[in-house]
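Heads up, the next two complexes both have subunit A, just with different partners, subunit B and then subunit C.
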Partner chain A sequence: MISFAECSARERLALLLDARSFHEWIPPSERLTSPHLVQLGVPSAFDDGVAIGRAKLDGHEVFVAAQEGAFMGGGVGEVHGAKLVGMLQRALRDRPAAVLLLAESGGVRLHEANAGLIAVSEVMRAVLDVRAAGIPVVVLIGGANGCFGGMGIVARCADFIVMSDVGRLAMSGPEVIEASHGVEEYDSRDRALVWRTSGGKHRWLTGDCDALVEDDVQAFRAAAMAAIQRSCPVTLEGLEAEHALLETRLHLLPLETDGADAATWLWRELGIDQPERVPELDVGAVRTLRTA
Partner chain B sequence: MNWNQLVTQLFGSYHGMRAAGDFLKGDVMFDGRPLTVVGTTNHAPIGVALALAQARVILDTIAQHPGRAILLLIDTQGQQLRRRDETLGINRAMAHLGMCIDLARRRGHPVIGLVYDQALSGGFITSGLIADGCYALPDAEIRVMRIPAMARVTKLSEEVLTALSQSNPVFAPGVGNYVAMGGVRALWEGDLAAALRDALAHTPVEDTRAQDGAERGGRKLAASVVQRVLAAA
Partner chain C sequence: MSDIPAGIETLDFSFSGGRRVAAFAPVLVGVVGSGNLEVMLEAAAGDGCAVRVETSARGFGPIWQAVADDFFARHPIGGVRVSINDMGATPAVVSLRLDQAVAELPEGASA
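Right after this comes the complex of A and B.
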């Protein structure tokens, strides 16, 4: 068993995809770097923190991107975002069986603030274009930096999300919330709280991810192979169902939980038996608990 | 400009729009045709509830008024920074709002965004930035994150970031920079009704922001990198 979380972006690609099938576009040898980081005197990377290309998964042609969390937390800058958009536009043109996004990102790369924000928006629109074309977009989340900010929104625009229990999917990181509203609101050093609020088990129990796997590259590979088989078109009926689900959930969690843990409260309301046991259960046991 | 002055200039004194807390909506007449208006005011933080309220208006417009134009009015301090909203999956609620707007576009509803006061990251990416085109008033501001929080995440000092936000278009909050980078199509000045009329008539439905950024010189690499990927062996 090889930990997905501990692999680099390129190691994940090498192990997840069919052996030696990954062909990279604009590889590091082309030295395409961010023009903005240089201005700030911040080190840049020859791939700007993301590898893109084509590959085979179980014999099917897929286009793929893997964000490198070790470089600026996987933050999306101008070049990084444009590489993602280019891969997605190429998918629209060449129609692979699916697109895989190995997401590990804090969202907008703040060092490129405005350019990064527009870039994430372009990625979001491009993902929805690919999905609308009937090409499944599958997001895999299991890196140590999680999937946050604009990339947390992008992930939810995809057809299918695979997460490990150590993966995190959210909007604002705990540090940002703590900086804004204090440690009483969100203690970013309380790891158990952070994982109850944003971790893979929580996202599985609420249906925010579609598959929950162990922190194992081969488990991600197996889940991805299953996920690329089906596309889920966005329809008015589907969005109405999503709206009803989110409205119902909103009313399950009161504004104040009187000191009780909010995630545990929500799990109980979702009908999960003995919700306080969830953090100590293994992935296989948690997988059986989902009620809807 | 406050929202009431804005919609009075756009639609006249009898515009019929209402604010419920921070939430704005209305069915207005513009040039003799009905238009759906939805948005926020008071620099609203966008939490799950406010994202869903906006999504409801978009879904109702798609279902009941096929093809009707939609105007998004943007004034937000960004996503709600609360643990409760994170527990509820605020990223999913915001993606839902964005996907509702995206579906409206794909079904032929012209969708125009207007930043009339301030816009911040999470509240903006699933509203104005996913419209066919986003416009702004000249005094509006667009930011990614407030400087103290940005300093904490980037490890750059507040002094350095403040200095950069005065001069560097990548950091500065003025909407002119967003026009140069292609994120905002144009500023609305003078006759606002004429600007809306023009936007409804001439906003392209495809995403031209990278090319616009290159042509305007504010975001020089995005479009060429996309082309390099498309051409790569």
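Right after this comes the complex of A and C.
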């Protein structure tokens, strides 16, 4: 077993896809680096923190992108975002069997400010265009930096999300919530709290991800192989159903839980038996707990 | 206050007299993270070994020179362009990454 979380983006590509099938576009040797970082005196990466290309997955042609969390927390800068958009737009033209996003990102790269924000919005639009063309977009989340901010939204725009229990998915990251709401509301250094509210098990139990796997590259590969078989068209009915589901979830919790853990409370309201056990259970056991 | 200006420092080193490496696809190892670096090797014309370093840690030119000299002494290769993006890696980490990059060269290509 090889930990997905401990692999670099390029190691994930090498291990998850069919052996030696990855063909990279705009490889590091083209030196398409960030025009912004150098002005700020920050080192660039030759691939601006993301590798894109085509590959085979179980014999099917897929387009794929992998974000490198160790470079600027996987932050999406102008070039990084443009590479993602270009890969997605090429999928519209060449129609691969699916698009895989190996997401690991804190969101927009703040050094690039508006350019990064625009880039992320363009990625969202491109993901929805690819889905509308009937090509499944599958997001895999299992890196140590999680999937936050704009990339969290991108993930939720996709057809299918695969997460490991160590993976995290949310809009605002822990430090951002603590900074805006206070440490009494959310202690970003409380790792158990962070994982209860954004980790893979929580996302699985609430239905925010579609597959929960072990932190193992081969488990991600197997889940991706299953996921690329199905496309979920974006429809008005589907969106309305999702909004209704989110509104129901919002009302499952009281405004004040009087010191009780809100995540555990939510799991109980979702019909999960003995929800306080969830953090201790292994992935296989949690997988059987989902109620809807 | 330090009198070393902020920003990226670019350093160039070159070596000659190495054994020319057969043509190879570019090799990339490492990641530009805190205390880490990426090293790219590319085939180049001629038989020289040119090393370019872009680093956020300014003022360490003599140490980079020593690390580069040491690298070339271990791997006297030619026809190679070495490009480094560094975010404050220690000399030992730099040397390990350089060795890793050479190890990724195709069979028979490395010196």
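Note that in this section the second predicted complex is superposed on the first by the 292 of 292 C-alpha atoms of A that agree within 3 Å, B and C clash if a C-alpha of one lies under 4 Å from a C-alpha of the other, contacts with A are read in each partner's own complex, and residues count from 1 in each chain.
Throughout what follows, a contact is a pair of C-beta atoms (placed from the backbone, for glycine too) under 8 Å apart; a residue touches a chain by one contact, two chains touch by 3 or more.
Please read these numbers as outputs of a predicted model, since none were measured by experiment.
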Superposition on subunit A - do subunit B and subunit C clash or fit: fit
Between subunit B and subunit C, more extensive residue contact with subunit A: B
Which of subunit B and subunit C A:Arg10 touches, first, second, both or neither: second
Touching partner for A:Ala241 - first (subunit B), second (subunit C), both, neither: neither
First, second, both or neither for A:Ala192, with subunit B first and subunit C second: neither
Touching partner for A:Ala285 - first (subunit B), second (subunit C), both, neither: neither
Three-chain overlay, closest Cα atoms of subunit B and subunit C, distance in Å: 12
Subunit A-facing residues of subunit C, complex: 6-8, 26, 28, 31-33, 36, 38, 40, 42, 54-56, 83, 85-87
Parts of subunit B lying in touch with subunit A, wherever the complex brings them together: 48-49, 52, 55-56, 59, 62-63, 79, 81-96, 98-100, 102-103, 106, 121-122, 124-126, 129-130, 142-145, 148-150, 152-154, 156, 164, 168-172, 177-178, 181-183, 207, 209-210, 213, 219-223, 225-230, 232
Partner subunit B, residues of subunit A touching it in the complex: 25-26, 32, 35-36, 39-40, 52, 78-79, 81-83, 85-87, 89-90, 93, 106-108, 110-122, 124-126, 128, 132, 149-150, 152-157, 169-173, 175-177, 179-181, 185-186, 197-198, 202-203, 206, 208, 234-236, 239-240, 242-243, 246-247, 249-250, 253, 255, 262-263, 266
Residue ranges of subunit A in contact with subunit C within the complex: 8, 10, 27-29, 38, 41-47, 68, 70-71
